[in-house]
Amino acid sequence: MTKIAFMNAINQALDQAMEKDDKVFLMGEDILGGTDIKHLEEKNEDSWGGCFGVTKGLGPKYGKKRVIDTPISEQSYMGAAVGAAVTGLRPVPELMFSDFIGVSFDSLLTQGSKMRYMFGGKAKLPLTVRTTIGAGASAAAQHSGAYYGIFASIPGIKVVVPSNPYDAKGLLLSAIEEDNIVVFCEDKTLYGVKGEVPEEYYTIPLGKAAVKREGKDLSIVTIGKMVSVAMEVADRLEKEGIDVEVIDLRTVAPWDEETVIESVKKTGRLIVIDEAQPHNNTATDIAATVTDKAFDYLDGPIKRVTAPNTPVPFATNLEQAYLPTADRVIEESAEIIDDLKSSK
Amino acid sequence: MKKLTAAKAKEAYEKMNDIRNFENTLHDIFAKGEIPGFVHLYAGEEAVAVGVCSHLTDSDYITSTHRGHGHCIAKGCDLKGMMAEIYGRETGLCKGKGGSMHIADLDKGMLGANGIVGSGFPLAIGAGLRNQYLGTDDVAVCFFGDGAANEGNFHESINMAAIWKLPVVFINENNTFAESTPQHYSSASPTIAERAAAYNIPGEKVDGKDFMAVYEAAGKAIDRARKGEGPSLIEYHTYREYGHFEGDEQTYKYDSDEEIAFHDRDDIKEFRAYALKKKLFTEKDAEKIEDKSVQDVADAVEFAKASPIPQPEALFTDVFAD
Amino acid sequence: MTKIAFMNAINQALDQAMEKDDKVFLMGEDILGGTDIKHLEEKNEDSWGGCFGVTKGLGPKYGKKRVIDTPISEQSYMGAAVGAAVTGLRPVPELMFSDFIGVSFDSLLTQGSKMRYMFGGKAKLPLTVRTTIGAGASAAAQHSGAYYGIFASIPGIKVVVPSNPYDAKGLLLSAIEEDNIVVFCEDKTLYGVKGEVPEEYYTIPLGKAAVKREGKDLSIVTIGKMVSVAMEVADRLEKEGIDVEVIDLRTVAPWDEETVIESVKKTGRLIVIDEAQPHNNTATDIAATVTDKAFDYLDGPIKRVTAPNTPVPFATNLEQAYLPTADRVIEESAEIIDDLKSSK
Amino acid sequence: MKKLTAAKAKEAYEKMNDIRNFENTLHDIFAKGEIPGFVHLYAGEEAVAVGVCSHLTDSDYITSTHRGHGHCIAKGCDLKGMMAEIYGRETGLCKGKGGSMHIADLDKGMLGANGIVGSGFPLAIGAGLRNQYLGTDDVAVCFFGDGAANEGNFHESINMAAIWKLPVVFINENNTFAESTPQHYSSASPTIAERAAAYNIPGEKVDGKDFMAVYEAAGKAIDRARKGEGPSLIEYHTYREYGHFEGDEQTYKYDSDEEIAFHDRDDIKEFRAYALKKKLFTEKDAEKIEDKSVQDVADAVEFAKASPIPQPEALFTDVFAD
């Protein structure tokens, strides 16, 4: 199998989804790039292929009917995607940065997510919103949000946060097959990360976590680019004789309670790493749920390692300190780790 | 554009009556405390919804507003299903889960009343995009109020409809108020219609109490959209009979004799007189229609009241499709 | 002391805040009502005083300069409030329903909440957003949101959810005195509830919970209109010999960790009642935090009783089942209650 | 409106040079990998920011965009503080916590570059409201791009500014592209200026490469605002020298000889020639200004590089005022 970058895996998934179903189309800002520019149209070339180049090539292949450059009008093009979905198309709009829910939230909050319910079950919403998340790209406070926790709080929306190219492709194809709204969150700092990705069409079910590493002493549940942090923590603790299980949630709404709780029942110990802001996020949801449903199996407190309760700073050193790292996880979980070491 | 045939005229007269009776009845029922929530009545504006929707079939789409009953009826939604919905019954068009502000019927191309002012705009352009994408000659009609014309979605959506030449018709119901706020205060432009120029599309202000004027202006715009020539904006001057919602004391009414005179015009009576004069139907036809309408609405109320409330499990279903 | 309704307590607070500081002004849809209508202006009368009549009378008293009717343009008038605050005024905009963050979220999400941080501490944001929340008024899916959990997840925003007229007035006056953004959430179903409210100006500090009832067996932490549900649960459990402590959070961001944790340390048992949707809400935040910081004091799982993970239904019977009630709290917390009974 | 005095002309020439040098320098520095993040350069558009801000004092407000360096310099922000900010240093105008897209200086009436397209509109009307509320004759100027003109905030804010006659001037920088998307595709109206009619306010399209044309049009609009006569909209036709952001390959450029010719015009050289002809300053003055500007920008880079990075605690501070 060839190794390709995360962003190419996404591109491949979009390509295969469009090939398979001609109701699938893309819309967003500069996702083709240069629509109506003469010299590009004459050569059937796109320009940007999206701000990060993720959709590059799809415009020339499928035409501007199916790869639609939009004006900078997020509220309305996101709402238009809802309108197109409920009338039978399968739109895959791109919201360039998840921070732009600020100017487009209504489409998800009060329209798309509630339609099926408000209409008594008669509507289908085959809609996948692709968006980018995450700090670490020096993009500062307004372009670094990891807002999957907000999406996940809204009934009627599924939310996916892939951690690697293989998952990204399979999860995106699943999302596009869904007759429901899926917000698909791509960490911009993972776009260049390479991994093995089969060329054929395949899907990975939504709502199923991946156990990245089995272990019996301590469970670490995590999301997206924090998976690599968790793996590093596991490696380092292994040297101290602690056997860590790492669970990559993959889908944060609905998240895989079964896998998480089974793991905690086995290990009795849980750390959750979530790069989002600390309050009302997926980490708190997991900690609260495990406390409720597996209390008797817990041997100690559940640690959440998250961003601090601040906006994302620009300066490189501050931004690095903003994101959870293996060092920080180990430091903030000292109590658990010490307990485990002393019980050996 | 098709001329108004006798059959169409009758149908239109039926629907106008249905709307008026439906809303008058709700007004009484609400006062009696039989239905809860926010109820926004469409009475007084019948000519607009019916005049526009007379050009549409089930495969055309409309988007609506919080003041949606008129659009629903004009687009062919079932009175019983609507009334049951407003009563919160299992037999409602949305199983009682939506209520007055969310009545929808996708089979009729009715994409839902909408509790969020201005959020019909993008849904309409989405439906228009779908029609264009699939190569149909169906249109999408977006009803919106004078107040809604100040939402960002107005601007974003009309611009997109214009650049993509979408088959969408924007129908402004300028009933001179948004809640208690007069349009002359909230909009910098004297008319909503003139804003069309900012998007290079046709814009026209039309007497919304005059059914034939509504019908003809809408016909032109809808034809244009069907032919792939892009969107239009029509502003219909109208006036709501009741308050913004039931319970509104309307202390903001009236500022002038003109306003009172305009309010007092009855679009249904005017159309009746016109149709009789043009022999589109007879006095007797009219009476039959009127009686039947009263009866149909009464039956709808009966039906709603006799219907069961939703099963407790309904709380949890219909969030996701499988 | 006279008893006045919750909504009159708010009106009084606004009046006193405006009297005290002429930089305080109100803006929102129909909050005066009928601006530029001749016959009203001639008589110096307002019309609506807001959708629920909460601001009634303030327009005639302070004039349309300080009680500003806005067009239906939430994104921009909420953003204008941020602009006016950062340039030195003290705006108190009203967002008629919190559901309308859908069309105005950017003002809070990426602008107001982040400005002070992004500007290196040079900006002050003396801004109080008043908004209504809550199911129970047959307002259906788009007018019943209890979105304080979303606001509370954003660093840089304080969020208040008062449960009674006395608190409403004192907390609102505190909020308006703050040089920070406060989202002040008024439950529309509480507007008619009466309580004793002193006529004079007084403040209640933000971030401090109120212990509504002391108890030693079980802590119930709750918010807004769920306080009365908690009190009913406490009364009913008292009859079964269980001594319940009820804590009214009052402020959900920042919420009063100290009071909650002290209580749990005493009782060892915790139920959180939160009418918001179940994921990533204040209830999960509390459960997660207590599990982390008071794990060794917990005698059993923490129960969260919330709305189900669905939009708010219209039909009266469904809406009643949507909201947590004393019955539901007791039913869903059977495990805790049985434990407590058997340990007596 | 005040005529352009010799002193003002010199100051303007200084600022135009400062912007150009600042941006050219950043272009090189970015290529060397010394600064991270998204950097949007203003080079090529100097006449607009400087022509407009020449009419303003520190007590007037401006709102800016992601392409904010030019506005900052034109409004009087310190080059060293700006450069240090872009380098993420403690001595930056925002202590290194904002970066290029969030440079602000409230003491100078500069309400921040803004990473969210269109979000300057409401901030500007908020500042305008404040000026009106306090009874000052200060204005608020809102800079925005051609792409931003399609955001809902454009519509909502201009309408509000118009109905309240706020002292706000809307300055459109139409550099023909929003990222890679040409304005002729994204906007239904041929010009942004003509959209002003929808709000009953003056709208004018002006050559944005011609400093004097910029200066005069802005002067009229700002005077009007100061006198309480309400907002105006000016569209300046301009062109950015570099890509949308650093790293952009710009394969979308160019479609026509006119475009190339327009791009090749140098607003700074044109103004220099004009000023020399009009004897607003001498060749020697000009050279001195040019040399000093190069030196000042080099000093700013030195300063930034020599400055410390923020203390670790800075991560946690400045979220709330006490």
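Every chain is named by a letter (A, B, C and D) in the order it is written, and numbering of its residues begins at 1.
One rule holds for everything that comes next: contacts are C-beta pairs under 8 Å (C-beta built on N, C-alpha and C of every residue); 3 or more make two chains touch, one makes a residue touch a chain.
The model shown is predicted, which means the values in this text are computed figures rather than measured ones.
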Practice problem: Starting at chain B, find the fewest moves between touching chains needed to arrive at chain D. | Solution: 1
Exercise. Could you put a whole-Å number on the gap between the CA centroids of chain A and chain D?
Key: 36
Quiz item: Per the centroid of Cα atoms for each chain, what is the distance between chain C and chain D, given in Å?
Solution: 40
Quiz item: What is the distance, in whole Å, between the centres of chain A and chain C, each centre taken as the mean of its C-alpha atoms?
Solution: 31
Practice problem: Indicate the residues of chain B shared as contacts by at least two other chains. | Solution: 94, 96-98, 102, 114-116, 119, 150-153, 155-156, 159, 163, 185-187, 319
Quiz prompt | Multi-partner residues of chain A (each touching 2 or more other chains) | solution = 71, 73, 75-76, 99, 102-103, 106-107, 110-111, 117-118, 140-142, 155-156, 308-311, 313-314
Quiz item: Looking at which chains touch which, would you call it a line, ring, star, complete or other?
Solution: complete
Exercise. Quick one: which bits of chain A touch chain D in the complex? Just the residue numbers, please.
Key: 29-30, 33-40, 45, 47-48, 51, 69, 71-76, 99-100, 102-103, 137-143, 308-311, 313-318, 321-322
Exercise. Name, in rising order, each residue of chain B that touches chain A in their complex.
Key: 61, 63, 92-98, 102, 104-107, 111-112, 114-116, 119, 121-127, 129-130, 133-134, 140, 152-153, 155-157, 159-160, 163, 317-322
Practice problem: Flag every residue of chain C that touches chain A in the complex, lowest number first. | Solution: 75, 99, 101-103, 105-107, 109-111, 113-114, 117-118, 140-142, 145, 149-150, 152-156, 253, 277, 279-289, 291-293, 295-296, 298, 300-304, 308-311, 313-314
Quiz item: Taking the complex as given, what residues does chain D use to touch chain B?
Solution: 150-156, 158-159, 162-163, 185-190, 194-195, 197-201
Practice problem: Mind listing the chain B positions that touch chain C in their complex? | Solution: 36-38, 85, 88-89, 94, 96-102, 114-119, 147-148, 150-153, 178-182, 184-187, 251-252, 254-256, 309-310, 312, 314-316, 319
